[in-house]
Structure formats: C-alpha cells, structure tokens
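Both complexes shown next keep chain A, but they swap its partner, so chain B is in the first and chain C is in the second.
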Partner chain A sequence: MSNLQSAALPEQPVSPAGLRGKLPSLSGRYLWPLLGLFCLLAINLVLTPEFFHIEFNDGRFYGSLIDVLNRSAPVALLAIGMTLVIATGGIDLSVGATMAIAGAVCANLVVSGVDSVFVLLVAGLVAGLVAGAVNGGLVSILGIQPIVATLILMVAGRGIAQLINAGQIVTFQHAGFAFLGTGDFLGLPFPVVLVLIVFAAVQLLMRKTALGLFVESVGCNAGASHYLGINARAVKMLVYCIAGLCAALAGMISAADIQGSDANNAGLWLELDAILAVVIGGASLMGGRFSLVLSLVGVLVIQCLSTTIIMSGLPPKFNLLIKALVVIFVLLLQSPRFQAQMAALFKRVKKQPGRAA
Partner chain B sequence: MQSRYTTLTVTAGLFMLLFLAGSLQFDGFGSTRVFANLFSDNAFLAITAIGMTFVIISGGIDLSVGSVIALTGVACGLLIGQYGLHPLQVFPIVLIGGALFGAGMGALIHYYKLQPFIVTLAGMFLARGLATTLSEESVPIDHPFYDAVADFGIQLPGNAWVGASTLILLAVLVAAIVLAHFSRLGGYIYALGGNAQSAQLMGVPVARTTIAIYAISGFLSALGGIVYSFYTFSGYSLAAVGTELDAIAAVVIGGTLLTGGSGYVVGTLIGVLIMGVIQTYISFDGTLNSWWTKIVIGLLLFAFIALQKLLTGKRLLSANGTREFSHA
Partner chain C sequence: MKIIQRLATGLALTLCLAQSAAAITVGFSQVGSESGWRTSFSESVKAEAKRRGIELKFSDAQQKQENQIKAVRSFIAQGVDAIMIAPVVETGWKPVLREAKRARIPVVILDRNVDSKNPSLFVTRIASDFVEEGRRAADWLMQKTDGNCNILELQGTVGATAAIDRMKGFNEVIGKYPNAKIVRSQTGEFTRTKGKEVMEAMLKAEDGGKNICALWAHNDEMALGGIQAIKEAGLKPGKDILVVSVDGVPDYFKAMADGDANATVELNPHLGAPAFDVIQRYLDGDHNIDKLITTTGGLYTQATAAEEYAKRAAK
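Presenting the complex of A and B:
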C-alpha cells in the first residue's frame, strides 16, 4: 500500500509548485511502468530462457528482444506524438488513418516511377503534416473537442487512403524505400534506429527549450496559460502536427515493411495501442505532465505482453482479452490516487473558499 | 432552445434533399421500397445509435458498442447452436448481459472518476476479446425461429417490406422517446449533460443515473447485436468493427450536442437514415466507389459540428477541448 501511495504522489496534476518542484518523486513515477515491464521480462525468462539470447550475424543483432523492439517501432512513433497531444489535454484518434494515408501516398509515388527516397520521405511527411494541421486547426482554431475533431479524420482518412489507392492494395518494389522498414543500421533494425532518432529530437525539443513546459502548462490550464502569455492555440497546433508527422513515419515504416499499402488495414487500431501506451506510462488523460520515456516503456509493456502471450503457449486469441484486463487494472491502480486528490482538493477548497472560484 | 430545433430541422431537411436528389436522378430510388429498406438495412445501427444518444446527451461517450454487438452475436450462436437453447431463452440472457456490461462500465466511470472514453475503450477490448475467446470462427445460427423471423413482416404498397428488425427499431424508438421526454430518468440524463455539478446540487442521483445510462447503451447494443444476427444468421467475433464510430457520427449528424445536455432521439434516427441514403445513392450510381461513403460521412460530420458551433456560439469555445469529460 505504501508503494501505491509513493507512486501516487508524483502523478498529481502539475500545480505551479509541481512544475518547479524537482524530482524527489521520480522513482515513484517510474516504479509502476518499469515494474510491469520487468515482471513481463521475468515471466519470459522463466518460460523461454532463449528469450534474452541475442546473436550477432551478418552485421546485425538477432533475437526475441530485438524482434520486440522492431515490432513495437510503429506504435512507439505514434506514442511519441500521442504523448504530447495527451499532455495538452487532447487525444488523436486519427493517427491510424494518417498512417494509411502516408503509406498510400508513398506506395503510389513509387508505382508512378518516383525513385528518390528523399522525395518519397518528404511526400509522406507532408501528408502527415497536412493531416496533423487539419486536426490541430479543428481543435485549436475552431475549438472542437479533440476526440470528435480527430474522429472526423479517423473516419474520412481511411476513405482518402482508399481513394489514393483506388481501392486496391498497392504493392511496389523499391529497395531504397524498403530499407525504412526492413533495413538495418549500426546492427539494429532501421525502424528501431528511427524511433531513437525521433525520440531524441522530440525530447531535446521539449526539454531543452521551454516548449515542454508550455505543453504541460496548456494541458493543466489552457486559460491560465493564455493569461501568462503562452499562445495556447499555437502549442496545440504544434503537438497535433508533430503527432501527424510521427504517424506518417510510422505509416511509411509499415508500408516499407510489407512493400505495399493496404488502406483498410494499415495502422488499424494502432491509435488505441498508442493511447494505452501513454496511459500505462502513467500520463493523465486530463493533460499536464508527460514523459516520453515512460510512454516508450508503455509501448514495450504492450509489445512484451503480446510476445509473452504467444511464448506462454496461450492461443493468440487471448491477446485482446488480456490487454483489456491489463488496461482496466492500470486504470484502477491510478484511480485511488484520483479519489485521494479529489478529497484533498475538496479540503483545500473548503479551507480557502476564495480558490473555489 | 430554438437552436436545438434548428439542427433537427437542418438534419431532416438534408435527409429529404438527399432522398429527393436520388429520386430525381435514378429510376426506382424514390420508392417506398427503398425507403423501407433504409430502415431494415440500418436497424441494428439505429438501435445502437439510440443508446449512444443517451450517453452523448449525458456528456459521455461509449466506444464499446460495436464489440458488444459482436459478442452478442457470438454468444447467441453458441447458446443456440451448442447448448441447444431456444432463441427466446437466449435473448433475455444476452440482453441482461449487455445491460450488466454497460452498468459495470458506468460504475467504473462514476465511482472511480475515470473518463468514459478510456473505460469504454477498455470495454471495447474486453468485449471483442471475450468474443474472440469464445470463438474465433464465425458461428452459424441455424434455427427455425430465425427463419420465422426472416419471413415475418408486413407488405406495404410498392413492394416495400417492413420486417421484424424495422418493427423492433420502431418499438425502441418509441420507448426511447418516452424515456427521454416523459420520464424522470430522462430529465436526469439531460440535467447531467447540461452541467453535472448543478445536477448533483439539484439532487439528481448521479451514481444511479450514470450507471443507468451506460446500462441502456449496453442493452441496446446487445439488442442491436441480436438484430444484426437476424441479417447474417451467424455470430462472428470480428463483426460490426467500427460501428461505434458510425453510431457516434449518426448521433452528431442527428443534431445532438457533443458537449451534452441537448439532443433528440428522432434526430439520431434521421442521422442513420442520412448515412443510409448516402450508401444507397452510391450503390445506385455504380461508378462511385464505396470509400466515398466514408469521405462524405467525414465531411458531413465536420459540417454538422461546425453548424453546432455556429449555433451554440461561445458554449463550445469555453469548453475549448481541455476538460470536456471532467465529471468534477
């Protein structure tokens, strides 16, 4: 129980003091997601000792752990963008559809004879940026609730991707582009390297500039941030654009991996996995404090869970059921904290009636 | 107050316009037969969307409905096929099951102050996972009762057929209108969506109401699942994927405010019919592909949300997307 409370403390919505407050509670924040990950790894170690076996062949590492990393790359990219969106108190349901659009754009360009990988990358990223800007515009300029604003693109986006593909599954042959999904770099699968690059870039952008602070501030209280001189609309626009770019990258990886674009199934349900990863990482869906590292831990927890289910000999059909139970468990784990917060909040409000307004 | 009727009028006008456009363009579009088929083809969606209407009016959202439809179908198939129960014995079981499932989510949402979005997302996984666990294969339903249901109906002039699913839909519609406008619970639901805090201060039993809302949605999804099994004569764990989004879209196009507190069940039905007309139009046309349905529905969603914003002005702005699901 004491563990629970120590884990609970740091996850309070960031008060001005909390923003400044340093990291005495850091260990608590990291405790639960990491504990979950270690438990899963331990189970795997018991089930299949070769799970941790990594081989170096032909200039590249092989092994179950590398597979886990490789397979979780698309969701990891989505989760990086999703973390920022959720930190502003939003949500982006359209990332799966954006993946499909970016994949479709690249596949059709390859088929129509574009050879330059650079052009393909830029085209895919522009598609993602446009999708993100549409979401961001709906949320920040029109003031539509994020879940609904992004629902529009989630519904229409797959239609657009199918339109680009003319209803077909477009397959292609392009060694340079396929490298995105299947190549390896410095001994690691290229998708994993890409995740690391994006993670480093976003982490630097957020933590070495004031941007991260702005994002958290907008998530805590958009109105108050406005009075502090933070352009809340621009911040929201930015995070949706980043989410769109990340989704486009994920879409290109998936398309390159299978050397084809399937508008119906590319990135299907991955938005949910990305949201789950952020939640498992301990972020509040109400917005506020975020941690990219914890979200990535959440991604690994989800991917390890799937692998564990397969390794343990349970039929894969239990995958969804177990995932659901884990989510409910994680939510409940977080809720006593929420109740305690509410109780504390009410006490404070009673003591200082002025703050209630 | 007037603005609510405005959205409803726009929705109804749009439906008539689309139907008229189709009738002028294609032979046989403007017939009672096509009109009746709009109801029977989309009955399961309409029934589910009516449940969703209550949830959205209360300021929540229910993402689990599509999975509950699938779970209901699989459960029906197994109980009828493997355990040899009569469908009339099975239906109460799955309906109560659906209601309990919804009530459970409502309880989590209320007592643990969790967001409806994430709880029903977990519910969506859970129901879909249960369905997959019960059977990965499609379970055929072969029972004389189902044949009787398929044959049951009323013949209308113009070769129009009003089948069992349409009749169930109309019964649900009447019940939902009574519930929304002539019952105490209905008043509570609107009050909760208008302002949860004020509702609580006015003495609305928030716990009971929240649980009832999600139980209604679960019950109607299960009923939608039964109607769905009337079409397919089977239960399949991957059936009705994405129905939750269609249902939400129908509710929004039907003029229900996403911020809660305002909306009409009839509007939702018209919303479903509009989506049905678009599909019928595309199938009549023949040259347009089915993916246009998704794009048009997306555009309609946008247009109606923009319209809502225009009509309600500052109200949506003040919500500003940050705390829309807050119960506190």
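Presenting the complex of A and C:
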C-alpha cells in the first residue's frame, strides 16, 4: 500500500523502481483524499442505494448526488479562497461573516427596489472585496497575525450584517437573483456551474501565470521571497481579496437559495468547514504547496458525509460525533506515519502464520 | 475622591426623588434581537410599558450572559422597582439574583428558564408551554388526516428546550394513533437554510416523498426552508405534503395565505402584559404568585392567514 506514497518518503521501504518518478508522487497526493471520498460513497452504496439514483426531470438532473454538489457549492467557493490564503501561510476566519454581509447587502438592495441582477452581483462582490481588503491590509500592511486579523472581521462582520438587516431576517422575491441559488444551467444546479467557473478562473490564474508559484513561495518563506524580488505584501493582499470575493459569491448563493438573508445564521461556522476541506485536501496550515482540486475533494467529503447522515436516518445527536470520526479517519489515511505503521502491521500479520507453519 | 462621592450621592438622591415622583420603574434585560420573534417580544414589552406609564429601562445583552448580569447589577444600583430577565442561558444566575433579593427588588423571569434550586430568588417565570405547542400541532394534524400519516420531522437544535419539549408533546399525541408515525427525523438547527437542505435529502431518502403525508417542523423558519425543498422536488406543499409548525412569523402566514403551508401554533411573544400584571400584583403586596405562568398561543390555519398576515406585516 505504501508504494505510491513512498516516493515522497525516503525513510520508507523503497518501492519497485518502475513506480517511482514524477507520476507516483503526484497520484500519491491525490490517492488518499479520493480514497476517503470513495469509502464514503461505498458506505452509501450499502446503506442507501437510492443515494445514487439520478433522474432527468424538467430539464435538470435530480438526485442525492446532485444535491451533494449543489449543497457543497458555498463551502467549495470558500475553500477555493481559503486554499490560497492557507498556501501563503495565513488563514481567514472571516469568510462566514463575509457571506452574511454580502447576503445582507443584496437582500436589502432587492427589497429597496433594485431590479438589475448585474447591479446586485456587483454590490455583493464589492462588499466581499472590501472585507477581503480589510483582512489583507491588516495582515500584509500592518503585519498582524492572520488568525487575529481575520478574527476581528469574523466577529464584527456578523454585527455589520445584523446592522444592515436591522436585526431581522430580510426576505425577498426576485426571480433573477434567486436564479443564483435555485436556477439550473445545462441540467446542473447553477451554484455548481458557478463553482466550476470560479475554479477554472482561479486555477488558470494560479497555474498558467507565475502567481501560483509566488503564492507557494510566500507561504514557504515570506522573507526569502521578498529578497528574491517577490512583492509578498501584494501577494498576500491579493489572496485575501480573492477569498473575500469567493465568500461574497457564496453568501449571495445562500441568500438566493432561501430567498432571504439571515445575518445570524448565514455562513455560520462555514469558515471552519472550508479550513477542514483544505486540510482534508492535504494542504499544510504552515503554507506552501496547495491544490485547488484536492480542496474541492475535501469539500465533497464533508458534504457527502452530511447528506449520508441525513439519508441514513440516524438520530441527529450522533451527527457531530460521526463527522468527527470520519474526519479523523480521512486525515489518518493521509498521515505518512500512520501509513507506515499500518504497512508494518500488515507485514507482521502476514509473516506470523508463515512462521507457525 | 470625596467630591466625586458627594456628587454621586447627590445624583442618586435626585434620581430617587425623580423616580418616586413618577410611576414605577422596571429594568428589563433582553437576550438580544436574534430573531423576528425576539424583536416582537421586545416591542411588546416596550409598548405595554408605555401604555401603562411604566418607566422601562431596556438593556440588550447581545446574546451574552455577562452583559445581562452587568445590566441587572446596574438596575439594582439604580434602585428600580422590579427587574425582568429574559435569560440567554439557564445557569449562573444565583449570585446576581441573590443581590437583587438582598436589595428587595422582585425579579420576573421571562421565556427561558433559570436553573435555581431556590425558588425564593425570583417571583415567577412567564413562558410559553412548548409541550402544549407540540400537542396542539399534533392534534390538528391528526384531525386533518384521521390519524393516518407518515410524518417527516425537522427538529430544532439538538438539546434545545424548545426542540425537546415540542417533540415530546407531539409524540405524546401521535402515540395514540397507530397509523401515524414519524418516519424520519433530523435537526434543521432552527434555520431556513438547514431546513431546506435536510428536507431535500429526507425526501430523496423516502422515494421522492410519495408516501409522506406531512412535514412537522419545530419552527417556522425550518418549515419555510422545507416548503422550498418540497416545491423543488416537484410536489405541492400544503396539498401533497401538509406543513405544520410552531412560531407564527409573518412569512409563514404569507405561506399559509398562498396555500403552501397549513398550520402553525403561535409562540406568543406578548409576554409584556402578563409580566407587568404580576409585577403590579407583587408591588401591591400580593406575594402569593405561582412560580410558573404559561402562555400558549392559538393555532392558526389557512382560513385566517391572509388577514393575520396583513395585520402582522403592517407592524
């Protein structure tokens, strides 16, 4: 089992030469999060086969798997931004609050009579950009620790959203804006399409320009990057702004989904789900190497789990415990030391009957 | 230092004089304004105080007990005639209640409970009877369906008193009907978003909801999310799947008027009037007051939804 991982881990038994090289180390990174996701799907196949039932109704796909994709859209957007922030060695706790602000801004604009979806989108995104710029400014210009800097907006942001909403849940009727959350495009829920667009855009920006390299470099060693001529401040500012924009989009999707803005609950604790997704995707919180694809796999693991729990019909008091157990399992799967120990255990088990004979 | 002390005494004296001249003063520590229901609750207390000419000192604790304790201490220091507390949590009230008792200021607890073994620390608690709300919702549903019903339940936050008691009351009633049962139950955490997400998944797990007769939600917000999920599953909420819940928020009345929802038990936010009644009785010397006064709102259906919505939305 350790063949694929061993290329990255010299202390492990050397694998057959044929499997070493560029490909194995890459697939080793992808193998474990994906394995976690497949384990979850396999459990579903046994427990609730209807989980995999997909129909094509009224021009859109309909089924639990589609729900998983649709429900994971807000966290997926947060995770895309969070991946970049974490890659620079930072963290953004304020994305949930930013979601609430963007939702509140849009909901209030709709209520006050703004009809153009374009204006609503721009207003929401500007709110997110401002939030991101505040975080970025605190971290890159003032040099405040990211966890503290973004904690400020995490607390204050929800207050700002409550102020915008005047403490109420603001509901609205607007077919165009609701499309963001409930519409469908090419048979897929529109939030999923939005995630794909944002993912493609950010992935191109990171991997087809030098920006991705800059981000990883700043995350590995900001000081060294600075002396190499990389503007570490600008890079940090940029990733927080992207995180803010992604959070705003996520906030607009959630508000559009329920056609209302609930400042107290919109995006509540979702920042933690986003961080968890990035971690399940194998990124280090110390910064450096990142993979947007793996973060999205992490998001799917989390959402698949939530849907599985609901479908399984277990009493809700077990929800959090099960979630924690699965997360531990997935993280253990990825831990090189755990893999080595399991490999050693398997070897011993295999050897012992041989000796007895 | 001395000057400040003198000034303070002088100020306190003037305040006392001013107060004795006016009617009674009541301090009210409210949890915050986290929901529409909470806001109506605060508004009802304020309006009732104004109507009766009571001077109300209102303090919004923003969901923090420490703010509430601070507020109560400042009420005691100001020498109010009575204190009302709508506690955010049950525990940790003993010291500050004792301080109020020592200052001989009667305390009335509103809505949520306080965890106190010593009933002499407060005059009474005025609250909704959550169990009764569950019973009323179930009674309505059983009458409507003649006791034949497969029910999906959206629970409130795990461990919340409102969720536990509403479930208890509801189950108590449907227990008498052998053909009624809750087929699936999950928490929607009292929010619209979660209600929608959970309902969506439950419907899929139940074969698209073909054999489901009703949705029972522990509050209106979750029910409203559930209604959207039912619509998106291609069914008609209010017809194919009956919707019954608790709270009576304006949006839900609108849903009932539109035919998307069927019934709700109102969670009575008008706790102001009974609270001031009790305080008046206590200050007039009647100390023989029940430790729990329950208020349960009526059940509203589609029949009166449109006019109720007009009444509530106007506010």
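Everything below uses one rule, namely that the second predicted complex is superposed on the first by the 302 of 357 C-alpha atoms of A that agree within 3 Å, B and C clash if a C-alpha of one lies under 4 Å from a C-alpha of the other, contacts with A are read in each partner's own complex, and residues count from 1 in each chain.
What we mean here is this: a contact is a pair of C-beta atoms (placed from the backbone, for glycine too) under 8 Å apart; a residue touches a chain by one contact, two chains touch by 3 or more.
On a predicted model such as this, the values are computed, not experimentally measured, just so you know.
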Clash or fit (per the criteria above) of chain B with chain C on chain A: clash
Quick check on the superposed pair: does A:Leu142 touch chain B, chain C, both, or neither? Answer first, second, both or neither. first
Chain B versus chain C as contact partner of A:Gly260, first or second or both or neither: second
A:Ile169 contacts which: chain B (first), chain C (second), both, neither? second
Between chain B and chain C, whom does A:Leu211 touch in the aligned arrangement: first, second, both, or neither? neither
Answer with first, second, both or neither: which of chain B and chain C does A:Leu321 touch in the superposed model? first
Once the shared chain is lined up, is A:Leu331 touching chain B (first), chain C (second), both, or neither of them? first
So which chain C segment collides with chain B once the two are superposed: 38-46, 110-118 or 236-244? 110-118
Determine where on chain A the residues touched by chain B overlap those touched by chain C, and list them. 162, 167, 317, 319
Residue positions on chain A within touch of chain C in the complex are 48, 50-51, 53, 57-58, 62-64, 67, 71, 162, 167-169, 171, 182, 254, 257-260, 262, 264-266, 306-307, 310-311, 313, 315-317, 319
If we count contacts the way the header does, which residues on chain A are in touch with chain B in the complex? 88-91, 138-139, 142-149, 151-160, 162-163, 166-167, 219, 221-223, 236, 263, 272, 275, 279, 285-287, 317-325, 327-328, 331-332, 335, 338-339, 342
Using the touch definition from the top, list the residues of chain B that touch chain A in their complex. 61, 108, 112-115, 117-119, 121-123, 125-126, 128-130, 132-133, 136, 245, 248-249, 252, 258-259, 289-295, 297-299, 301-302, 305-306, 309, 316-317, 319-324, 326, 328
Can you list the residues on chain C that touch chain A in the complex? 33-36, 39, 155, 158-159, 184-187, 189, 191-193, 196-198, 200-202, 204-205, 207, 221, 224-225, 228, 232-234, 251
